[in-house]
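Each of the next two complexes has chain A plus one more chain, namely chain B in the first and chain C in the second.
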Partner chain A sequence: MDNLELLSEYSLFLREKKEEGKKVVAFISHDNIPEELLDAAGFVPLRLMFAGNDELMDASHDYLSPSTCAFAQSCIGLFSIKPSHYRFLDIIDYFIISNHCVSDICASEIISKYFNIPRLNFYISYTKNDNSGKYFKLELLDFKDQLEKISGIKIKNEDLKESIRNYNNFKKKIFEFSNLNIIGSEKLRVLQRAMLYGPPFLPELESHIQMFKENQVQKTDNLKGILITGGSIFLNDFLIDLIEEAGGNVIFFDTWVGYSYYSQIFEDNIIDSIENPLDLLVNRFKNNIYDDHSVPNFLENKISQIELVYQEYFKKTGRKLGIINHIIKFCDHISLMSSHLKNRLQQKGISVLNLERDYSKANRGQLSTRIEAFLEMM
Partner chain B sequence: MKICGVDIGSLETKVVLLDDNNIIDYRVGRSTYDFKRVGNNLFNDLLEHHNLKKSDVYIMSTGYGRNTIDIADDRITEITAHARGAQFFFPDVNSVIDIGGQDSKAIVISKKTGNVIDFQMNDKCAAGTGRFIEVMSGALEVPIQDIGDLALKSNNPASISSTCTVFAESEVISLFAKGTKKEDIAAGIHKSIARRVAGMAKRIGVAPLLVFCGGVAKNIAVKEFLEQELGFEIVIPVDNGKSIAQLTGAIGAALIAQDQNNG
Partner chain C sequence: MSLIADDIVRFSSVLKIAYNLLTGREYLKRKKFREKKKLISVALPFSDLVYGFPDLVPVFPIRTHTFKMHKYLTYLGSASNIFGWKNVANFLGYIKNMGIGDVSKIIDEIIDNVIDTVNDKYNEMYDIGVENGIPTDFCYGIKILYGMHVTKGKNYDANLNYTIRCSAWNKYLESLKTINNSPKQIWIDIPPRNVGNALELLIENIYDGIRELEKVSGNSYDRNILRNHFQVGNEIRKVYKTILYEISTSDFYPCNPATFSEILVILNNSFQDYNSNAIRYRDNMNSLLYEMKERVRKKIGMDVSNMPKILFTPMFGGWEPKTHEIIYELGGRVLYADWDLLLTLEEIPIKTKTDPVEAYASYLMNITTNGIGCDNDKLTDSYLRIAKKLNVDGLIFNQVFGCHSVSNCFTMLKEKIRRELEIPSIALTFNRIGENIEQVKTRLGAFMEMFRSFK
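Up next, the complex of A and B:
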């Protein structure tokens, strides 16, 4: 199934949910939005996880400066020109305004205000400590309150726990899937679908796991292993194709669409042992140490994580893993850290390519050269 | 078997025939819009001149258009090719700066292994590339081959933005309007390129011995201003007293093919 088919299938899925009386809540994809609360209140979460292109970025310039994060630009472009495959954006009922980064808050404010989508607010702290945990809990309470008011449903602890359990089982399954030895583009395709649909995708995910386990025919041994960090490879991005055309294979997605999402899991007994399920979400927020927008120690945690994957890969294959730090143009968080990350990993003998780009097709040739040269260098 | 390196750049195509580390002959032509035709024509011209058949030659392509030429037996990026070519001329090379028609690159090479250990390329922008000089020589109405010499006559280089070709062109026009001398504008243009490329190169820690190659290395003013920006002397590949900096990528590609064929 190609991406256009997926979008059309997803559109049908959302429309069916609407016919069942559900409301759709959209947000710019990042890993701190409590989907479980949305689910427990009967809403359908819609992650904006679609890559941009020249047309979408251009369309956003009526609202945002061209020097804003290319992903944020593209999100606005989607609402501004609504290409035919994204018509499902017309049926969004609410939009979450969040502050994961400056571009996130700019884009979500603009989308809500200028495209007339009622807003929900959910703000997060940039630190990970006890105070930010208390702040996060207050935000969760406020968010729960907002959801209860618009849905008319009282979110019971048991319902929220059930949602947390569902999402937890779902993420565990994605974790299992991500460890399969299959080609990166195939892995990414399933990861993207899983994150778009959420737990309703579980049966399909299980059948993918079964199928890949039974038919492990994909030979990846002759390809050079890549870990991708920094910006996610969103739906409709050609980056994964460029990597594979150059002879690389992404074996680990250290990004929102990837490890940052499915690694946030609880032990089952913890879900049952904690009385207030909001505390589970607070703990998860505090323990999300790979969250690339938080301080302190983000860089240290990131380096340890990458080093661990690098060493495991080397132990398993006897080969070195290359790191591509995918920097979406004008994403301050990733670009600010990029030279530090590169220097620190290089000191450990790990090759890093800082690959900065927007979604323009015009630099496809240059991107190919950089990726190919990096693989030659490895 | 003879080896041929074909470097299809965005502005010029270079074809080099190599036999056991000796440069037998080469051809250079404008790439135009039809990379494949130009590459084939230059290659066929070399074959004809040396009474060779296609099957006598192993071809390694490189450069922006490396994937467009179907006669190539293998392909390599211009980054790896330039590094290998620079090593051929200067075995102790530490770094390479290649400024071509469409992009500029800085490369750091391991002295221990001879392999590329880091590189940096310019963004999708003509500033800091040969295209920038071409546009500016048009604006100044000075032939491109003369603009470097003109720049070196300046005692008071004008200040010109290094960030954007379009803005820089407007700046040049406004400098004209103010009566700024042509040589000062030319010097400003060259300093602007040098500043931009040196900034990129310093980020990956280039150091002597640094080899300057690519078509823009023919321009003496860029070399001089680059040396000022970097704070050390840089060298250019020469053959029989003639700069062959533009051929470094094609030579490197041929050498890589030769290395591979020799096992």
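Up next, the complex of A and C:
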């Protein structure tokens, strides 16, 4: 199934949900948005996780300066141009304004204001400690309140726990899937679908696991192992193809669409032992130490995580892993730390390519050349 | 030039503040090595907490730099020790009045030199910031501050960091840790919104910050010292506001409007650390206001009633310092009011709260939620509020390249201005001081045409 087919299927899926009387709540896809609360309140979470192109980026310039991140620009473009395969965006009922970064705030606010989608607020502290955990809980309470007001239904603790359990099982399955020895593009394709649909994708995910287990594709050995960190490879992005065409294979997606999502799992006994389900979400927020939103230890944590994956891969395969730091142009979080991340990892003998790009087509050739040169050097 | 020099020398208080800004390094060296005080780097205009410790000195990083100072300014500094700044200013004013050729020229040079020296230093820091890893895509302010820390960061005993809505800013603060020998980082997290008991959390966060500052200081925090400082800080804010709302909105200025703008720039750039000595700063502010009022009373200055008032904002992330001169030449007057726009000139409410930390927390929360705002809707309201309060005739929005926070609110702002204020506005782009001056002039020329029939 190609991406266009996926989008029309997804559109159908959403329409069915609407017919069941559910409302759709959209948000820009990063970490920390409590999907479980939306689910428990009977809403369908819709992650904006679609890559951009020239047209989408240009369309945002009526609202934001061109020096805004290419992803945020493209999210606005989706609403402003309404490409035919994204018509399902018309049925969004609410939009979450959150502060993963300031471009997230600006883009979400513009989408809500200029495309007439009522907003819901959910903000997060920039630091990560006990007090930011307490603040997270305040936001959860406020968010719960906002959802209850619009749905007219109280969210029961049991229902929220049930949603947490569902999402947890779902993430565990994605985790299992991510460990399969299959080519990166295949892995990403399933990952993207899984995150777009959420737990309703579980049966399909299971059959993917079954299928891949039976015919594990082993032909990746002649490709060079890559860990991709920084910005996600979103749906419709050609980046993964460029990496594979150049002889690389992404074995680890250390991004929002990837490890940052499916690694946030609870042990089953924890779900049972903590009474208030909101505290579970708070714990998850606090444990999410690799989240690029947080300061002041993002860089150190990220380096130690990458180093760990690198060493494990080396132990398992005897081969070195190359790191591609995917910098979506003008991304505050990833771009500002990029030279430091590269220097620090290189001091440890780990090769890093800081790959900065926007979504323009014209960049394709240049990106290819840079990736090829990097893989060559590895 | 120098229309600015021509006026500025007559303000002893401005001369003093400018002198303190440029000779900060010597002053701070004395504090650190002779008086064994600890220097705390601060950058935001609400860093008053440092003043709660007698041996901690807040420093806006540019001040630890050495400036190539005009030798005569050094002489003036020495002369002021003997005669006092007032007499020095009188003397300079006398020379200017008499038009005593060469000497008058030297005075012009000194003042121009103060302004250019600071700007050159900023550009130098920009290059150092980029050379040391800040991608060119980021705003001018972040690049220069990083450059300042690369070059002089080791002089500080700690950095006091506050998280704000700008993600680039927060990441920049974290990135300071990558600089060799970087000082201890002390963080105060300001919750993004005032929901539930967020204010109590902020109070706890401030106390955490205080405990960290205590470790640097070696002394315990003293609430009376902090309370007294807030008293001084509030007096400074009050005078600042009087200058903004009484003097700058009146029809008669105590000097030409370009000089007046320059004074507002000096205030803007010195407010973050009050030149490291809040009492001295307050006294200078008081005498500045007094001098201004006296001049107006004696009708010394300029009738500006026919000059449109243009609000230029924001300037804190970097701006072209020639703007106010250009506008002046085009028949307008420029007002800079960023700090009040963000509500940092509001009182710290020590009259209503006994615990100064609680008062400080309320003050910070008000800035975050109502001034800077956690989203652009609030932030644009702040622009509107200030434009109304200052009753300006036009607004220039400074779109700083690489600023994804403040610069991105222009579309929304423009719409609100059209709807609620009905005044002309334009956006100017800024990347680096001195770049594209001709383009700026052309755009400002076209903008000021709209005020041609201004009466």
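The rule we apply is simple: the second predicted complex is superposed on the first by the 376 of 378 C-alpha atoms of A that agree within 3 Å, B and C clash if a C-alpha of one lies under 4 Å from a C-alpha of the other, contacts with A are read in each partner's own complex, and residues count from 1 in each chain.
Following the convention adopted for this analysis, a contact is a pair of C-beta atoms (placed from the backbone, for glycine too) under 8 Å apart; a residue touches a chain by one contact, two chains touch by 3 or more.
Note that the coordinates shown come from a computational prediction; the quantities given were computed from them, not determined experimentally.
Superposition model on chain A: chain B and chain C are shown accommodated side by side without a clash.
After overlaying the two complexes on the shared chain, residue contacts for A:139 are found with chain C alone; chain B is out of touch. Residue contacts after overlaying the shared chain place A:360 against chain B, while chain C stays out of touching range.
By the touch criterion stated above, A:101 is placed in contact with chain C alone, chain B being left untouched. By the touch criterion defined above, A:339 lies against chain B and chain C together after alignment on the C-alpha atoms of chain A. In the superposition on chain A, A:157 contacts neither chain B nor chain C.
In the superposed model, C is the one of chain B and chain C that contacts more residues of chain A. By the touch criterion defined above, A:372 reaches chain B but does not reach chain C. Vertex at chain A: the C-alpha centres of chain B and chain C lie 70° apart in angle, rounded to steps of 10. Superposition on the common chain A brings chain B within a closest Cα-Cα distance of 7 Å of chain C.
On chain A, the surface patch touched by chain B in one complex and by chain C in the other comprises residues 339.
Considering their complex, residues 64, 76-80, 103, 115-119, 121, 123-124, 203 of chain B touch chain A.
Within the complex, the chain A residues that touch chain C are 62-65, 67-69, 97, 99-103, 105-106, 109-110, 113, 121, 123-127, 129, 131-132, 134-135, 138-139, 141-142, 293, 295-299, 329-330, 332-333, 335-340, 343-344.
Of all residues in chain A, only 339, 346, 356, 360, 362-363, 365-366, 369-370, 372-373, 376-377 touch chain B in the complex they form. For chain C in complex with chain A, the touching residues are 133-135, 137-138, 142, 161, 163, 165-168, 170-175, 177-178, 185, 187, 189, 191-193, 195-198, 201, 204-205, 208, 374-377, 399, 401-405, 407-412.
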